[in-house]
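Look for chain A in each of the two complexes below; its partner is chain B in the first and chain C in the second.
Then we have the complex of A and B:
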């Protein structure tokens, strides 16, 4: 019997993300209604009702990574959207208005699913989409939380909204809610989350069996397909490969690992190469990214699911945000932190100065910030970035030397 | 000086020194609570026998210490609120209430809480799905948290009776302020743009019961004043806050009358009364919030009905155009701007957009734009 060629996990995961968009095109072709969804809207609902959904944030990131961000942002600005507004929102609003983006086309929506656990900008962004296309908006509002725990009042409020969202989507899909199917979807979602967290956990090994920048590439799947079995299988396959790398002493990080850092924030998608270049040159591997805990939605029942969706990076209090980050920094043994002051993301960047102080004090590692943007290349200066990375490297070297002295 | 002028000076005097007002109340043995934007249920503070002190940044202020917490691309209202906390300007307050209603206010709540621990911090997250029953219930739970914290600070419980009384006081205050907005629009020859602002802004630094007494007297006088034809132009203002003396002076000097507004600090804050026929006062307050609409800060389940509302406001008030005071780095206002622009254009209503912030020192561009806008409006008469 011929041996079946093993498909690399990276390829599998790429196919999963592509399939999400293909499904939406196919559904549109069949005359079914398709939706656009915020990345942290509870995907379990649409999946249970068999509705095909695309993800504007993911689309915007893909367009930006393929260097279409500036063009689309400028189209949005010509429509009257200020250049101060989130780059993802500008790119997607331009696309919704009919400006083409060959970089990542997706079918226009028949309904939109909005959740503001990421930011308040989402609310107005999705209202604009609903207005532009005259289509229904299903809103799950997640109030910002000032405490580490999500209290029962939040859960009750979320539950009311879930029930309403289900009713609205039953009407849109013409299908009835199937509890059994929902359970299966939740099981898939948990399996994906656990596999994703397992993948992220391989960053703890020294040297790491992979480059942390890979996580940015795989994020698309956890954003767009977390309720699908294929996503879980893809991440499980990736975890197996990383396990094998560990045993074989291999890594997707093909350079010396002189230092390990946390990359704080969303990457500058248009400038991934520029971000990576000085890091690889200096042997700085990114072994911690905040996306690991941010998309690890693990839950055992409906209430826990509500609580999980209340815990997005920008909807948790400062202390929880610090705890998440310091947790992954410790687990993944970082010796420096690079903070992206993301011009597109006010809620995220607004905590950073205080967090920087806490990281320095609690972890005793150097922290350096740079200015950039997740999608608009006009807000990033490579010279400043390189200088900041250089500075971080020098201080990390100094700290390492000092540690070496002390341990003598 | 006529009684009208005396009253207008009295409001201007209050606005000129919020610190003096605060000290006056503190000397009376009262406690004061800082209320940051937006939609803080001041009635609960009033019912606790404390003075709600509205804090909407500091026009003309300078950001220094707050730079340790915010990068440059944040709204100056939030940054100056923090600056005032850090610099001691807010000393004397027994606590603050803060909402995370926009993407700057989210981190603001956290930054203020950790940077200014001397102020007991009361966090209030309103629901955006505020209209369905579960939304109203959630608002009640959050307002109850506020009430509990205020009871802790005040050392005594807040009775239903006091809440119901506070609701009455506030409904009267809102009604008087709405009436004033209408009368000021009819009498721009008596009430200038800066005097109009002083009347409305002063309500943030004085007990509403006291404010209403003064305002009712002023309203009575304005009602009796003969109607004089206004030779200048008439506008509706829109934005978050318009209290810059320089900007108001430019408006006045170009013979522009503000006949109505869609400003968060002014009319958006007084649009809706609290239903007095609701037995449970906390629910009544939640129902008031549920009924709030037409605001860039709020989710609009009917999708974008604000432009139509502003068009109607222009028509009803007899304004000829709209001046949009766009607060720099204010995403909610910026996100709704294209829809507002489209709505105004479709209705054939001229508008001008003026970029502002609270640290602004150069007003030449604003002056030129407003001058040109005034000319356009005059030609359309």
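Then we have the complex of A and C:
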């Protein structure tokens, strides 16, 4: 029997992400209603009801990565949106208003699904979308977690909204809720999350079998297609490839791994190459990223699902946020941290000076911040970034030399 | 025994500086050209520093560049960030130093260094000209005075005119409005120095201040800023006549160390 050629996981995953948007175009053409969803809205509901959904955050990141961010942000500013507003929001609001984006087109929405576990900017952003198109806004309000444990009252409050969202979407889709299908969708979602977290966990090996920057490329699938079995299969295939890399001593990081760092925050999508360049030149592999595993929702029942959706970088208290990140740093053996002070994301960047102080104190590693933006290239200066990376490298070299002296 | 010469080049945003060291300790020539990265400044500064000691490029055993324009020089052996170079120079000039405040043309940085003179931690200004040398350039232009006169004007002040905006553009409007209100120019200059000091002190506090504190970079030549920072931090700040050359000096010192390591 002829041997079947194995499709690389990267190709499989690329096809999964493309299919999400193609499904939405096809549904629109059939006259079905399609939605736009916040990336951390419980995707299980729309999937169970067979509703096609697109993801504005993912679209904005893709447009920004293909250098359309500045143009779209300027359109939004011309409409009256302030340049202090999140770059994703500005790009998407411009698109919703009819400004085209060849970089990542998607059909206009018939309803929007919003949850504020991402941040509170989402609420106003989606209210604007709903008003602009005169369409329903289905909102799940996720209370901010002031304590490490999610309060039972919060779970009850979210569960009530979850059930209400189902009722609203039943009306929109004209379909009835199917508990059996929901169970299968949840199983797919968990399988994807576990496979995704397994992929992320390969960064713990020294040297790492892959470049941590790859996670930024792969995460589109976990954002847009986590309830689909193809997403789970794609990440399982990727995990297998990484396991093989590990056995063969191979890596997608093609440079000497002189140092390992955590990258804190959303990357500057328009400047991924510029972000990566000084790191690769110095042999600094990004073996920990906060943004990527933040999408690994794992749960065993409805209560746990509510709790899982409560945990997002901007919806947990400082203590939980620090513990979470320090755990990632320890597991992935980093010897430095690079913090993105993201002009688009005030809630995330606002508590970073205190986090920086704690990382340095608790982990004993150097921490350096740089200014940038997730989508608006006007807020990033490459020369300033390079100097900070070089400074971080020189301090990490010094720390390593000192450790060597102490161990003699 | 043959002398060893190392050349440190600091290509900043507004100036180009060079220093030649003999045997890693004696400064035998230095040069400063008042234009920086992307101009004729680097070439002219190198030419001037070599002429200053009658040596040629071939006599240099190791050349190291630093500063924003460090990647634009062809003849170098290696490059390092200005952070490490300023730390190195401060330690060379003041062996007790633990905190370095460097205000350059377009950035301000505070460095914590260890007892071996190595960079341990640092903080830099965000993407804004507030608290940098450029801020002073703009204010001097508005006041129609030379940048070098700010120090003397500030020394004659009897009270501080508060400049509340940290943004260079807004502070410029504030200064213009103070001038039209007939405020004393000396008091305005003192307010400008206080504004820079406020901004930089915030960075210093974030890194953690430990004695001795040394200020380097071109702005360290302005005693008015140094005094304002001393008042803000409640600490003595040391400066050197070589403050503006600190990046180049650090580069020349690192060049010597790298040479020794290479020859081992």
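Heads up, the rule we're going with is that the second predicted complex is superposed on the first by the 406 of 408 C-alpha atoms of A that agree within 3 Å, B and C clash if a C-alpha of one lies under 4 Å from a C-alpha of the other, contacts with A are read in each partner's own complex, and residues count from 1 in each chain.
Assume a contact is a pair of C-beta atoms (placed from the backbone, for glycine too) under 8 Å apart; a residue touches a chain by one contact, two chains touch by 3 or more.
Treat the numbers as computed from the prediction; the structure is a model and nothing was measured.
Once the two complexes are overlaid through chain A, chain B and chain C fit side by side, free of any clash as defined at the top of the document.
When the shared chain is aligned, chain B comes close enough to touch A:116, but chain C does not. Once the two complexes are overlaid on the shared chain, A:124 sits against chain B while remaining clear of chain C. Legend: residue contacts after superposition of the two complexes on their common chain; A:318 is shown touching chain B, with no touch to chain C.
Taking chain B and chain C in turn and counting the residues of chain A each one touches, the greater count comes from B.
In the superposed model, A:341 lies in contact with both chain B and chain C. Of the two partner chains placed by the overlay, chain B and chain C both lie in contact with A:353. By the touch criterion defined above, A:141 lies against chain B but remains apart from chain C after alignment on the C-alpha atoms of chain A. Legend: residue contacts after superposition of the two complexes on their common chain; A:391 is shown touching chain C, with no touch to chain B.
By the touch criterion defined above, A:56 reaches neither chain B nor chain C. Distance between chain B and chain C in the overlay is 6 Å (nearest C-alpha pair, rounded to whole angstrom).
With the contact threshold set out at the top, residues 341, 353, 371 of chain A are in contact with chain B in one structure and with chain C in the other.
Residues of chain A touching chain B in their complex: 79-82, 84-86, 89, 116, 119-121, 123-125, 127-128, 130-131, 137, 139-141, 143-146, 153-154, 156-157, 159-161, 164, 314, 317-318, 341, 343, 346-347, 349-354, 371. Residue ranges of chain A in contact with chain C, taken from their complex: 341, 353, 360, 366, 368-369, 371, 379-381, 383-384, 387-388, 390-391, 394-395, 398. Residues 68-71, 73-74, 100-104, 106-111, 113-115, 123, 125-129, 132-135, 137-138, 141-142, 296, 299-301, 303-304, 326, 328-329, 331-332, 334-339, 341-342 of chain B are the ones that touch chain A when the two sit in their complex. Every residue of chain C that touches chain A in the complex is listed here, in rising order: 68, 80-84, 107, 114, 118-124, 126-127, 206.
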